[in-house]
Amino acid sequence: MRPPGAALVALAGTAALALVPALAPAYYATLMVPFFAYAIALLGFNLLFGKAGLLSFGHAMFLGLGAYGAAVMAGVLHVHSFEAVLCATMLAAAIVAVPIGFVCVRYTGIFFGMLTLAFGMLFYSFLFKFYYVTGGDSGMRVPRMSILGLDFARYNKIEFLAGPFYYYCLALLVAAGVLMWRIVHSPFGLHLRTVGDNARKAEYLGVHVRRCRLVAFVVSAAFGAAGGAILGFRIGLADPELVYWTQSGQLVFMAVLGGFAHFLGPIIGALAYIVLQDQLQSLTPYWRFVLGAILAVVVIGFPTGLAGLADDLRRRFRRSGA
Amino acid sequence: MTALLETRNVSKSFGPLRALEDVSLRFDAGELVAVVGPNGAGKTTLVNLLTGLLKPTSGEVLFMGRSIAGVGPVKLADRGLARSFQLIAVFPRLTVAETIAAAVVSRQKKRWRLLSRLAADTEVERRVAEVADIFGLRRRLDTVAAALSQGEKKLLDVASAFALDPQVILLDEPTSGVSTADKHGIMTTLIAAGKAAGVKGIVLVEHDMDLVAAYSQRIIALAEGRMLADLPPDKFFADPALIAAVVGKPRGR
Amino acid sequence: MAAFANILVGGAFHAAVLFLAAAGLQLVFGVQKILNLACGSFYALGAYFGVTFITAAAGAGLSPWLILPGLIVAGLLLGVIGPPIERMLRSVYERDESFQLLLTFALVLMFQDVFRFIWGANPRSLDSGYLIYGTINAREFSVPVYNLLVIAAAIGTAAGLGAFLQRTNFGRILRATAENRAMAEALGVDVRRVYSAVFTLGAVLGTTAGALVVPTAAASLDMAIDFVIEAFAVVVIGGLGSMRGALAGALIVGLIRAYAIALYPEVEVLAIYIVVIAVLLVRPTGLFGRPLA
């Protein structure tokens, strides 16, 4: 996406999002918090998918690490600061991602997908095996934490989520976006994109293909954990279902829906998915079917996603207008 | 004096198939050496051995005195040996500038900078512009590689290899798929680029004997896995039997 | 000893069903290079429809002796879904494999609500009518004859598939298309018909497997997404695209599962996954898969 275009959209989007709590009922603001969580996780996911060309079907495990990490730190270790929890879970996810990534990046395509799926489900089964710690099926509670050292004790849960926490998460998303933008447009980011475009040729230009993939894997894991921690905080619960393979599939869905070739694509996809899911759920009990159908239509007809559609429209508009 | 690139009694078998048999050759600084031979003669295997993709079944492959057997393209690029491809290999979604920049980033050892802005790096930008100029790609810097013409893609492929500042560059049929009219232009560009980039030696794998005659200082002929000859062009083209073995018919109409 | 025999027989029954469904997966992957995430959905569809079909048939006076053939017929009837789904997948054949995976994932989502719509959110099961085939009681373990019949059917199918692929013309065409699609086309093979037939055959294997399992297990919504994991373990261990792999993988997974359930229940999925990862690391092409390009 041409830089000025993307920056404009990002600015406009951020402004619009900032107005939501003021203009819309609290319900919508609380609905948006998971959007922030998924958007941050997807920024990381797309480094792996959109840039390096690696489709992971186990990415939900890092969100799980974030949520359960938050539960352990806040619930068991009584760490009260969300910042500390964020940093710790991101670090933990990065550390776990090193050996897993090391093993997975030796493969591409279907084998990479299968390996990541396997590791994701392995983590899922760990959550059940160690049920005396993780609570098994019922999950682990994530108590309320302080953000920026402030407790907001006089806010009840809804007010907190629709108010201070909303803006906090918006700020986190902007920070994550800026960070990921820097990474993608760095020398490393260039090398990573060569890997995604033509790994064989990349080697001949001195690109350390596997190491680049590994770094992308670890970075995406950290972003995923950040998203998971926010989710855990929002829901108040770390749930094993968060880690099931279909959740990883949902992440891919969001990325493709938004358009994985564009920087802002996955964020748009997360927003579209959350809003769609919410609206559909109130319209029909068979919302999964509709979402599945939408995914099918996107894959078959609009593989460049919403961002790609926007680009096409802009091009057509420019051609006919100018 | 240590040869720039050499093989010593190299043989390579793939199972029962003997692709190369006891081949010894050396490339020294200041030379453009052509490697010729019919299809199946072992040229590709030799190229893959010389560029560290394969390990010889026996014998040694040395670059600047160090063994490069199976070392792999990345390490080789670091040590100063670059290669271009017969079949065009580009990054379809990256621009010309980005393609060249990837090589420059490797050369300037900036691979692991995750947070610095590449667009703001004047060192890289300058070098990219330099290389693009040499290859006449200045106007196409912002064009995505998939949108280039075949000839331009070829140039880009070679340009990105040159951007690595290699000591030796191996060009694998650089003019294949290019119209005859353009072939000589490309060759002179390549040689000038090599000089400008400080390349010490060029290895040229070619089928077009006119180009070989015009530009090489030495010709190495392979047939059926063995080295047939290692001669300067005038001696090479004086031997019709040799030409026939390599090309199948004498040079000229 | 008794415990071991029970485990063996229990594992063999599960392996038999797994083999049938995995064979379908392998066939589709081997020929069309598509990894069908909706294989679990086919399996569940077979299970749900099996329950409905037999219940309706029993109501219409079907002899309880005909439960086994009845379930097989139910599975076969579902073959009608093969061609239309294959047509839908056709639009992404030429594209990146990520898109193919995603399209089959879309199918999974859609099927979940189809099940909910037709059969509701609660599990459905058959009564124990299958016990009419009797049980074999030997010393200290017992096994329903039904299970043995299913195992026999699976073995028969394995042999039949093998013969079909190796000895018949269509089988040869199938293997040629799997090997090199472009060349098969150049030789006059109507690849589209082959793909349609293969996908339908794969679907039928999956639905029949699901149908055969319902006397012993309930059809449920979770079945569709849980089964994918097991089927996937089978094809990884056995090797993508290989029939022999489906057999070997199914046996191994079936036995691990039975062993784990009997002795260390909480290790069940864990054990399977550790084996899968180990195989993917040590020998990514599995036991019988073809080497990576």
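To keep things simple, chains are lettered A, B and C as they appear, and every chain counts its residues starting from 1.
Throughout what follows, a residue touches a chain if its C-beta (ideal position, glycine included) is under 8 Å from a C-beta of that chain, and two chains touch if they have at least 3 such contacts.
These numbers were taken from a predicted model, which means no experiment stands behind them.
Taken together, the touching pairs link the chains end to end in a line with two free ends. Averaging the CA coordinates per chain and comparing them to the mean over all protein CA atoms picks out A as nearest. Chain B and chain C have centres, each the mean of its CA atoms, that are 51 Å apart. In whole angstrom, the spacing between the mean C-alpha positions of chain A and chain B is 43.
The centroid of the Cα atoms in chain A and the matching centroid in chain C are 33 Å apart.
Of all residues in chain B, none touches 2 or more other chains.
Of all residues in chain B, those touching chain A in their complex are 72-74, 77-78, 82-83, 85, 89-94, 98-99, 101-103, 105-107, 110-119, 121, 124, 160-161, 163-164. Residues 49, 55, 57, 103, 107, 109-111, 113-115, 117-119, 121-122, 124-126, 128-129, 131, 244-246, 249, 252-253, 256, 285-289, 291-293, 295-296, 299-300, 303 of chain A are the ones touching chain C in the complex.
On the side of chain A, the complex with chain B involves touching residues 182-183, 185-191, 193-194, 197-198, 200-209, 212, 215, 219, 261. Chain C meets chain A in the complex at residues 35, 37, 88, 91-92, 95, 97-99, 101-103, 105-114, 116-117, 225, 228-229, 232, 236, 240, 266-270, 273-274, 276-277, 280-281, 284, 292.
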